[in-house]
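Letters A, B, C, D, E and F mark the chains in the order given here, with residues in each chain numbered from 1 onward.
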């Protein structure tokens, strides 16, 4: 029974020996430099005596709990994207969602967090590589009491969200190796720089731009990078007929897509209420309520719009409408009243339908509607905060000039992020196109990326074994 | 012997099977197919866009019988599977030269 | 590339202009009236100094955390119902689950919460429309320390649960527009009135009825309304042969259904332990344990029952058995001992199997078994609390007369809610039947509601593109 | 409409009468003996005044919240196992996952917890049957402030995890009744004894073995019992050709499997950070980060390994790689630095691929790779803690002799648990083989266990109704 | 009357259908099949192991027509469905003795 | 030329394919079908109720060959696909008038 070729044994032994040697020589030095003193962080809360101990514990519980919910959005995105694309590309989508989070975790640990929150200049942070929790180089996070590693965990899942959005718009035709490269670049560099501008004490933060939980920072970045990607890739084969009219390419599993949207909605209860990064009871309750109302009316708005236009209520659009409401309320959730949330969500629900039609028209092929949901509704929500902010917004503020200025800053922020993402995106994807082709061959696209990229099939038993 | 191929509406399957058993049909083989014909496919909506599905789901019944009951089978199917609306389907009669039962190796009419 | 019909641009511009005008005229007035002062809620916790700050924060975290778990039950119901029905109606089920929560969110915000918890009379609340968190009109919630909006969030997900239960019993044949209407009426009116009776200081509360987390309030209401609906609709085509014997109409995806049950089980850890609406450590631990034990033995009970009756352990019933145990323990979970929970759960597991057979027999066609699970086991659990309550229950109380009285009140509560739901349900569905038909045409039912109601297909790629 | 055979009514009535009688006679005595005074636990926290009230509440919230996440891993295992096996056995897998948790809940309540944490000797606990929360017989849990029932809830979901792992390795050929029996024995006896050794103050704990969250206690036990099971069962039909070479038997639904892995990853944020059993802010943040990094690099490591060996990045292995990283970091997560976690995870990702090949080679047929993931990587992580512990590990410790001794204890622990599980497993499965056959008939295996064991089909509508 | 059975590559379906409609074909029945032939199946990977899938997905088109247009149909399919690479598929011509339209009971050529 | 249609038990596919390759069969087309015959369908349980599935999963193999090896193919299938239990399936032989290879346009025996 044990006729066993020696190759595995040998490679195993070799690997272990190699590892041990490497460890003994290199490891201790590197490791001490990076995090040798981490354990001292255990002795005292990051902020020492200044902070109320019970509040500190509650804040940390809250931030980690919400971070885990946001992590779960990875499953949501995977299901939405797999459901809304064809069976022959399902493995590829799943693999992309798994790997962007995995690669992104490493990239955001090594580089991204430092660029986003490390002390630096108005453009980017320059300290805090590999998140050494004991160095005090994250001044922009001083406002939250939680341990640096909890903050990192929470911010990581946001970075991964931005990256994973892109996989939707570029689905069903992008080479897997290109995907890995650009999702690392996004999590390590492009997204953290946007984040630094607005959340890390950068130039937009100085101007007073507000984006509570990331309509622009996260969703805008993801959406606009996805736009750049979709433009560089061109539409999927068969998306446009000889008449240049868009033809739908139906996905393969709407129950999965619906499950994904429910998971995302759940995740958003981490995304928005968690962005307090503190267990501030009235605030987190308020944010939960505005978030939920906007999602609800977003779904209703999109459903009614399709009902009016197509005579039937469309499930795909209703699902996207819920997401549109969620994305739009992400920036304003803590600053607007419930009624403000209802209006913002409803308009986003209508807007997302029009946006999907718009991008189809101009030959930008976005298989899951991510540009419309995340880019357009993200921008929309960020700008509408200038109207609905219950203190600074035009509809509420007493000082209308200041309010107009605030609105201006919001618009400036949206435009700057749009420009940054489209430009860096086009550069990045051009390089990938020049070097690695970016897009799979026509033959592979017809056969499906599951086979071409992974030699796999999402439902293999239905193909082979079902016949046994 | 003849093979009678019937293309029918899926929800008629049970009725047709029961009616055929009564006229003495002992076996049949069914497969899921998509039909294209005078009955046009319908429009569906996907994420806000309409598109036409050209093919309509149908079932194909293959029934091998001795010549003598071919007419009876046809009549039965006509009676049970017809709704009078376009898309009820077709019956095709084709010749079968030999039938063999795998289990026993029997050939001809007794193998049906 | 930009040949683009002006209609979208024009409608977009028009929409924006219209919105802005409307906003400037109507919005500020309405908004201030409704929630203009909401931000002051941020300054101080709802109960001011009276409450321990750390406890207040912990309570809020706990209530929101559990509310999110209960929200996730929407996904669970969607998966259970989609899995237990046919592929041709899957989109319809998903859409119903999405929209009842969305519509319900708005209805319960505008009206439902006020009727349920607002100050009023023994029958219903009459104040607190649109949940203005600063008015002090929710006296029935004074016992919990959490912000009003957190309470609303928690109660909303309960209301939505009641509504969504109905979609199961009426699946595969109800018109979508009717569904929208009645689910709004349920969340806005029928359910909140029941809730007021028992949880909002209404007449049953005054009599001393206990229903900790809603065996009767939530599940009873949902189940009995579903019963009314199923009666008014009649069975699905093909459910009863010429011999009048019930024929099973198998669902299309048991893995989805099982996933749904696991999600629901998880959600119940919010439903029951969260109903403390306070982070009361021993209580929430106790409730988690009784909840889990009842679910476990419910599944075992149902499995053994089918094994005895059918010679094989049936997965569909085992899944329903877990839910039956959960529903039955919902009222007693905080008041009974673990061994009480085990007995209640086990009996519910047996009962649900018998109840399913019973309703099939009397020609009430309930595709997912929701009447048996939620109605019957909800009533059962509420009544059994009269026996197993570790202080007031007949098996424990020293004063057996008081215990009998308590049992009587429990039964009265169950019967009243049954009557209320069946009567209002029959009226509601009769009106819908008279005006909008309630049920789809026979042709549509054969072809599937996905196509008829939504022009859609749950697995569209398998139909068209799989052939490309 | 009500032509109704009296059998149901009669059996119902009979059941109720019987129950009431039994209750009145037996119940009160038993119940009082078991948990009659439980309600007093409500008056005061378990540890009375000694513990800070706010911390006590936060600890309990944290432990319950993480317990619920770990509970959800049951759904994850169900989806992973169903996805990685064939459609014809999907119902059986789902049923097994449902019932092992259900039966396990009862077994661990009645017996398991007492054996694991009750006061006793170095081999096993001997007090605390049926978890009477008021007796003070769980000295080994004194270090945690949470109520005994919260501790039970948390430990239960761990026990269930150990049991459910076995269902993966023995999938697609084990009789359902045998499954029920052995999963009860595991949760009631085999697992708690291991747990007592390491976590319950047993002999390995005394020697100083560390296993923070159960790489060996939970995953090792599950994996090695699975190994014993797979050996006793033999490979599935068709796994090995005439040439004795392993042939893959592809599963039926990779999107489900991927969803399952995401759910498991989420659950691990309960598994590891929850194992503090206290809301210790820096510790839980640290554990969350090490856990996440190990999972991420595990996935990357496994993907790169398959890419190198097979020329394509394999999704099944990448998913297993994430799990491998998670299992390996489970023991060390609180004791190693982030960089230590990255190294451990990466090596586990490579190791799991080699281990899968190894077990295939030696004719141990493990349909989902659970032996490699849980057994091998669990052992690996436990041992590597001896190297990477930032105080006691060989790479860090100043006293290298003590470090070597610590490493030795870790290895001893791993070997002892391996021996215990394989020996008890082989005995248990031999008895089942002798009495109940253990394995289904060849015919049933070909036709599928869904039909043979449950008379069911996972996708019944595709078979019958799709033809209507 | 003849039945023309075409085994084609799945992604050619729409093109073939459109071309056939132009030469006057009014209906057809399609089914999903798996083909085995000179075109070998491909290697797939499952959890780290390679295996060969022997059968390739194909579509089978069944088209019943009157004798007079058989050649035209064949030519059309040959033109549209061919890619020149191994695995393009086959056309089989078999005799059909009778055609009946279920809806009306019509028989023969008018029933097609 | 003849078409040999075999209805077989699904799990026999690989064996039959290998045996046929040995007797020189170069190609075949397989489809999933449901059979009704002497072998009765089985009872299943769904949420506590039993029901009968009348149709049994089978595979249909279509093999077009030259007349000369028809008998050999039949013998091979009989040998490999038979289990001796009811439900082993049937073989039907039907005439094929023409075979065309789409890739090349070749006709007749060389196109098989």
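Simple rule for what comes next: contacts are C-beta pairs under 8 Å (C-beta built on N, C-alpha and C of every residue); 3 or more make two chains touch, one makes a residue touch a chain.
All values derive from a computational prediction rather than experimental measurement.
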Shortest chain-hopping distance from subunit A out to subunit E: 1
Copies subunit B and subunit E touch via same or different residues, half shared test: different
Euclidean distance of C-alpha centroids - subunit B vs subunit F, Å: 18
Distance from the mean Cα position of subunit F to that of subunit D, given in whole angstrom: 46
Distance from subunit D to subunit A - Cα centre to Cα centre, in angstrom: 32
Multi-partner residues of subunit A (at least 2 other chains): 54, 58, 61, 65, 250-251, 253, 259, 310, 312, 314, 316, 357, 454-457, 460, 464, 466-468
Numbers and ranges of subunit B residues touching at least 2 other chains: 11, 14, 30-32, 34, 44-46, 50-51, 55, 94-95
Touching residues on subunit C, where the partner in the complex is subunit F: 84, 246-248, 250-251, 306, 309-310, 312, 314, 316-317, 320, 353, 356-357, 360, 369
Subunit D-touching residues of subunit F, taken from the complex the two chains share: 11, 34, 42-46, 50-51, 53, 55, 57
Touching residues on subunit A, where the partner in the complex is subunit D: 1-5, 8, 11-12, 15, 19, 23-24, 27-28, 30-31, 34-36, 38-39, 41-42, 45-46, 53-54, 56-61, 64-65, 67-68, 71-72, 74-75, 78-79, 82, 90-91, 94-95, 97-99, 101-106, 109, 130-131, 146-150, 152-153, 156, 176, 253, 256, 259, 453-462, 464-466, 468
Touch list for subunit A against partner subunit E, complex: 446, 451, 454-457, 460, 463-464, 467
Subunit E to subunit D touching residues, read off their complex: 44-51
